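Next, two complexes with chain A in common: one pairs it with chain B, the other with chain C.
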Partner chain A sequence: MNLHPALIAFFIIALAILSAAISFLTLRKVIYMALAIGAVFIGCAAVYILLGAPFVGIAQVLIYAGAITILIMFAIMLTNHEEMEPPFRWTLRNGASAVFCVLLAAALLWIIRSQAWPAQGGTDINRGRSNPAAIGLELFQHYTVAFELVSLLLVVALVGAVMLAQARKEDE
Partner chain B sequence: MDNPVVSVPTGSLLGLAAILFCIGLYGALTKRNLIMVLISLELMLNAVNINLVTFSRLGVAPSLDGQVFALFVITVAAAEIAVGLALVLAAFRLRKSTEVKDLNTEKY
Partner chain C sequence: MDWLWQWHNVGLTWLPFLGMVIGAVIVLLIGLGVVTYEIYFERKVLGWMQGRIGPNRVGPLGLFQSFADILKLLIKEDVVPEKADRSLFLLAPVIAFIPSFMVLAVIPFSRTHVFTANLSIGALYYLALSAITIHGVMLGGWASNNKYALIGGMRSAAQMLSYEIPLGLSLVGVVLMAGSLNLNDIVAAQRTWWFVIPQILGFLVFLVAATAELNRTPFDLPEAESELVAGYHVEYTGFRFAFFMLTEYLYMFAMAGLAATLFLGGWLGPWLPGWLWFAIKVAAFIFFQFWLRATMPRLRVDQLMSFSWKVLLPVALLNLVITAVVKAWV
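So, the complex of A and B:
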């Protein structure tokens, strides 16, 4: 088994992602959980860049690690930020959820393992251009309607979020 | 960077995404804080994105479709988390709590 540098990098990144995700589950202060989730997002961006999708990776850093993590921090600070998750106990709900998730993970991993996956690479999916240019062409040539719909969705979500979060008159 | 021959095996990538998805699912089912439930959903969407970017190089005609889908998922997730956090803030103003168990008055 030859250890390609990209393979070593992938395993280090995967270890970092999974340890951050586990610490998200086990940490008890909500603000530390938000930091752990930021680490997961940055790790995912590293995976995308490793897979030859630098545009998606940079978008992930900008949107997830930048905007969404900060938004979550704001929401935690605006609500009760001293809050602690209670220590773990084996209630029926926790136990059933854990068993179900472990079973699902085992089934998925078994299916993935029993499948022969073709090797990646070979064809140039960017068709000779740089990755951002190729994605831009793809977006505006084949996915124009979807792109415009998504921008409409973003406007609606923006207005809706402002409407929902503003203080109502009868509360005052 | 133009055409890297990716030497990471597909099975490992899919395995990472599967484990990440299950961690997110467990978090969404068991976390007490509403914001943490929303974050768990984001974790699951991230796992799906890893799968999409992985699959974008496979198939009979490898293309950029997977990466474009991943971008759309990121955008919709951003819209979702914005509306979700606004809802959490509105609920917090009403109930003075962000715990999931305090928001079940519609249940009975």
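So, the complex of A and C:
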């Protein structure tokens, strides 16, 4: 096996993501879990950047590691100060979840392995442009309708959130 | 010497890697030096504006005052409150500090881009990383187990999150005009005129939102001394407290660099060398922050949020629409 620097970097990042994910599962204090999920998001961003998609990577940091993790922390801090997860116990539900998780992992692995992936460095995903320019062209030339529909969905969600917040205010 | 000056254009081998490490160390030293004298000049300028002398005891004209203060902070006892969440309390200053130093990587300090990462998404990189600092501030406030620290941390997070949106939108006008998110390209696009002229509306929004992002007067509610003691870092002592202060002043340097790069033409300018022009613009932005602090009273909490959402955001959107229309049809 050829130890390309990118491959070494990938293994280091993957190890970091996995250890953050495992600590997310083993930690019992909810605020630590929020921090661990933030670390997982940042690790995923590092993988995107490694794959030559810095725009997606930075958007991941901005939206997931930034905004969403902060929202989770807000929710935790404003509700219960010493929130702890109860210690783990094997129940029927947990056992079934474990079985399905293993099945899901196997299915994912099977699908990934059965694909014919392009060889390393074989194609330039940005087609010679800078990454944000390539994404913009792709988004507004091939996926215009999907993009507009997604923005419509976001507007609906925004208006819904405003309506909910307003109804709360009238009750008081 | 190619590996030292052009490392961002060649592949990652050992020599460019060494260049990157040297670059990071030098940028760190520059950052620390700037922060040291930012604090000195803040006290000096505030003193002059209030008819006082300011620090004048340590060294000639008090020039070594900040070093004495740093030394004092470093040798102070390191107190961790007994009821605090110990590991988060220790981790929070680190989470706050690391992004404040990382954002300096994309700021083009000079014409030769010696220590500048040529990222294709530089402007977005700044915004994304500065959002990580909010975690440190919030966790520090929460882990202290102190009501003032918690309120300060919450206020800080809410304020920095809501002002990041007008800040980001005010940059989009510049990005549209330059046609690139790369900060080096944005500077190069300002050869005919600085973007502060066509983007004056965006610049004003940027200036207000940047002041709020930096938690400085008139937006210093997170650490309002008179009501919150000192906000999120009230329980911190010694070098952990120094880390929070370092983060704040390093961000002021980075934000000044971003303002100079996006709106004031970066290192562009006649006669003088590029790095000197950049330093002058950065110093002007930092001086403006001190001037504001000496002039403005603090906003009220209830005015703070509505100002961001109801005034700055529509103005930034208006600027974006105008820029897009002008770019498309003129």
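The definition used in the following text is that the second predicted complex is superposed on the first by the 146 of 172 C-alpha atoms of A that agree within 3 Å, B and C clash if a C-alpha of one lies under 4 Å from a C-alpha of the other, contacts with A are read in each partner's own complex, and residues count from 1 in each chain.
Keep in mind that, in the parts below, a residue touches a chain if its C-beta (ideal position, glycine included) is under 8 Å from a C-beta of that chain, and two chains touch if they have at least 3 such contacts.
This is a predicted model, so every value here is computed, not measured.
After superposition onto chain A, partners chain B and chain C are found to sit side by side with no clash. Of the two partner chains placed by the overlay, neither chain B nor chain C lies in contact with A:152. Of the two partner chains placed by superposition, chain B and chain C are both touched by A:67.
Legend: residue contacts after superposition of the two complexes on their common chain; A:59 is shown touching both chain B and chain C.
In the superposed model, A:77 lies in contact with chain C only, and not with chain B.
Within the superposed three-chain model, A:131 lies in touch with chain B and with chain C [touch as defined at top]. By the touch criterion defined above, A:40 lies against chain B but remains apart from chain C after alignment on the C-alpha atoms of chain A.
Looking at the shared chain after the overlay, A:12 reaches neither chain B nor chain C.
Contact with chain B, but none with chain C, is seen for A:105 once the two complexes are overlaid on the shared chain.
Of all Cα pairs spanning chain B and chain C in the superposition, the closest are 9 Å apart. Shared contact residues of chain A with chain B and chain C: 54-55, 59, 67, 74, 78, 130-131.
On chain A, the positions that touch chain B within their shared complex are 4, 6-7, 10-11, 14, 17-18, 21-22, 24-25, 30, 33-34, 37, 40-41, 44, 47-48, 50-56, 59-60, 63-64, 67-68, 71-72, 74-76, 78-80, 83, 85-86, 93-94, 97-98, 100-102, 104-105, 108-109, 112-113, 115, 117-118, 120-126, 128, 130-131, 134-135, 138-139, 143, 146, 150, 153-154, 156-158, 160-162, 164-165, 167, 171.
On chain A, the positions that touch chain C within their shared complex are 5, 31-32, 35, 38, 42, 54-55, 58-59, 61-62, 65-67, 69-70, 73-74, 77-78, 130-133. Within the complex, the chain C residues that touch chain A are 12, 85, 88, 91, 119-121, 124-125, 127-129, 131-132, 134-135, 138-139, 142, 150, 154, 157, 161, 180-182. Per the touch definition, chain B reaches chain A in the complex via residues 1-16, 18-27, 29-33, 35-36, 38-39, 42-43, 46, 49-50, 53-54, 56-58, 62-65, 67-68, 70-72, 74-83, 85-90, 92-94, 97-98.
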